[in-house]
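By letter and in written order, the chains are A, B, C and D; residue numbering begins at 1 in each of them.
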């Protein structure tokens, strides 16, 4: 387990003094904030609202010795592993999704001991980010008690001073950088999301630096028109990246469904060729394009239109 | 401080088995759930979205030995005191509001030792409800440390098992009954609120029984049309009361402003006559009407229209 | 006529354990199907909660979600919130049932979905807990649904991802798990529960045509056998039709004639979706 | 020409302490006015946060909120959330400044807004902490703004509602208050801070025309005096005009000619609004 350093994260926040300025930049410039060895938290969950434009920009940079945490991790983990960027995964679950079975490249690295997997419960991940976001070093919970998860991670307990009840002390996590994809943001970094929010608000507030990509960059007036929809205020954000279809081939609530055919092709190759398939995927889908827009364009307008129609059909009327 | 009893509250919740049925009833029937000696938590804050229709129904019943908690308490506290219903107030602040000075009837009772005031910090109240809502006996925080609030309340501390940091252990509060006013609810008790939510979600989830009044009773389909606006699910609610203008003379976000003239008249009388003025207010505004609708009607259509116009003017466009 | 798959048999058996008006915390796949069947049959007021932050999920037949975090899971929902909040509802005691699958389950209901072999150098690295550990720690009652095979029903799981009754007796409570219970284990062969004192797994019912001996042969540990063993009703034609319509989007299956369990799909032995 | 009230003098002096691009956690009344003046003058990118759950508050001149929880406070906001969440932002270190008033303040910056007399049988039961205790415990820097009177500047407050430096030295940190500092005390007579080692209150600046002796006479304890005492600029005509427009809804005041402080309104000595 990493050291709990919520006070250090707070001190850094106090000292950093974010400015209320235009924070728009490209994904490449924004992800250059990330250093070798950093802990990067990726927002969204599994294949929903994954900040894929930012993930791709980070993959392009071939960073080394990263730790990545996520609520539930999908095949982006395998891409980081295949390109040699990742030492450690911190999450509660790694896979592709129900129909596709186990994640073959992830298995390859973890079963050989070439990458490590800190396995927490799903709520524990949520509470780790929440404690980091709240500025406290731990939160008490009834989860993980008695399990081998707790034993493996050396999870500590805490005793309630009023009742004597023994609870798990879930330690705060303050990632170095958070990557978040949102529906809308203004140039200052006021961020709005539609539908459920996964763990994104806590992931971002816990992190020391926050990079947000958004489907649309909107005016501050458009943000103020629906202030209760705002998930993050500008002073919790360092960089704003315009990224239409920025979660593709994953889904973005209300805007486009997941591209399951894309998943199929990836998983077939990964099952057959392991890490080589992961590396090849990055070369063909990340490196081969000038930017993320090129990757999205390669999907073709018909496929994008079909995914958008699928999303619309599922929305409340 | 009351005993921390989050596990008992949970056991009660498990055993109670709320049914997913039509929960509509009158304010009088709903507030009959409240017993002498109960701890009643009142939602909203100060003079915003106070569940006044429910408060009035409870005042009418002349319960005894109640404890009342609230984020910030307004003159409803004085009405409970003046009618002999209240033994103890649990909050961080009691007053009428900036222009009106100290709350004279509240002072009368507390300075004579005829009612007690457990004074917490505002965040501590929020964390007390949140711990109760989360099902944990305490939450750690940096608030209240070193203060006479902590000393007076015998607030305990807890040590982080990872960092050694000493934090306040803010004890869970699980009120017997919560009273909440909302913009919309369906008959099952799915509850939606516009604008900010004060501490209402946590207040309700912490409580053992939950009574919700709503400006409008809507269809389940109308709830499902904006599911991200839902603040409470039906299984957290026991009773649903239709109450148009149910926060009047306090305000309801987007719908009507506070009736400051009504406050002026109340405060003038309270300053002059103390508890007798509070009792008289209840007789004239609660007892004299058959129901809350009668009290609202007495304000007259012109005043209500002016308050509605004031609210509309402040909303984002 | 079409036979009944092991999955159909388990889902429909499990659906009958869900009482009306309750709240069920379901994962995708069989738990969601079982919950949806219950809503369409004997528990129309059952509320389905999904960990993605979804309360009161409806389901579009034939478009069941693959993930609890995707739009299809949110279809028709009464409330959308965030993931952590959903689990905190569980911790408060709002969720009457939780559903879990298992790569391995032992005689005390402990579940492994983490590793086959050692955690340091696993033979198979499984996806991990997801919400499973939380569900078994926090929900009021947990139902375990899994195929009945000796390699799954093991004396001791390689790794306790999700704590059942730990080493039996009061060891669960002593570990601080003061809430929740393991209500039942539903398999393609049987219905089981846990003896109240020892907390060891106990046979309570048999799927149609199955014998106690067959169950014992498929169980890798010494199973307690209840005094009265119920014979479970086979899925009705109506239940099967509803199940298949939900899964496929239309009632494609012929539901006439006697219903017979087909051999379970061997497939992957691990639940591939997050619990 | 119209004179300057004590409140105007304090608000405008305080407004100058707010740097651009920072985040200020303001209460209603003078703190909000001071913050709004700062935004209209030297700190256009200042973000105003109100405890009702409001981030990025704008203000309609002449319609300032009476409560931080009312609609007028939310006018033009960038974000609305709940109360507890706002304070947790403070606990995370997002709020550069917090503003507090005081019924009593002592030489270590401890504040009382709870009781005059004993807590068991108070002579005056004041409203209580509201968010004041949280603000001084959690914000990065706190500014105390209050009129300079001996009955307010007491050697020892009757009750520590909001902990400043407690008994001085490192006693604040030893109590677990490892964040935050008391940056300044702004009064109608002076600007004060706290000596870094003893943490005793220290005179740093004088309002125009005020002497050290006058400040000492209005302070109920032995005040440290800094080596260099700044003379504070009186409010400019522009600052006054902006202040009065915000307060009254139009520039009613004549802002020509020299500006002189009028005697402060005696009034209630307690801050009547929640901090």
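Throughout what follows, a residue touches a chain if its C-beta (ideal position, glycine included) is under 8 Å from a C-beta of that chain, and two chains touch if they have at least 3 such contacts.
Just so you know, these numbers come straight off a predicted model, no measurement behind them.
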item	value
Third chains touching both subunit D and subunit B	A
Contact-richer chain pair [A-D vs A-C]	A-C
Separation of mean Cα positions, subunit C and subunit B [Å, integer]	40
Computed distance of Cα centres, subunit C from subunit A, in Å	29
Between subunit D and subunit C, distance of the C-alpha-averaged centres to the nearest whole Å	58
Interface hub residues of subunit C, defined as touching at least two other chains	74, 76, 80-81, 88, 91, 138, 178-179
Multi-chain contact sites of subunit A, meaning residues that touch two or more partners	7, 135-136, 141-142, 157, 165, 167, 195-196, 224, 227-228, 316
All touching chain pairs, where touch follows the definition stated at the start	A-B, A-C, A-D, B-C, B-D
Subunit D contact footprint on subunit B (complex, rising order)	44-48, 71-72, 91-95, 97-103, 106-107, 110-111, 113, 117, 119-124, 126-127, 129-130, 141-149, 152, 157, 165-168, 195-202, 251, 253-254, 257-258, 260, 311, 314-316
Residues on subunit D engaged by subunit A in the complex (per definition of touch)	21-23, 45, 47, 55-56, 74, 76-81, 88-89, 91-94, 96, 138, 140, 178-179
Parts of subunit C lying in touch with subunit A, wherever the complex brings them together	28-29, 51-54, 60, 66-67, 69-72, 74-76, 80-84, 87-88, 90-91, 114, 119-134, 137-138, 159-163, 166, 171-172, 175-179, 268, 270, 272-274
Residue ranges of subunit B touching subunit A (in the complex, touch as defined)	3-4, 6-7, 135-142, 156-158, 160-163, 165, 167, 169, 171, 194-196, 224-228, 316-317
Complex interface listing, subunit A residues touching subunit D	7, 9-11, 13-14, 17-21, 133-136, 190, 205, 220, 223-224, 227-228, 230, 233-236
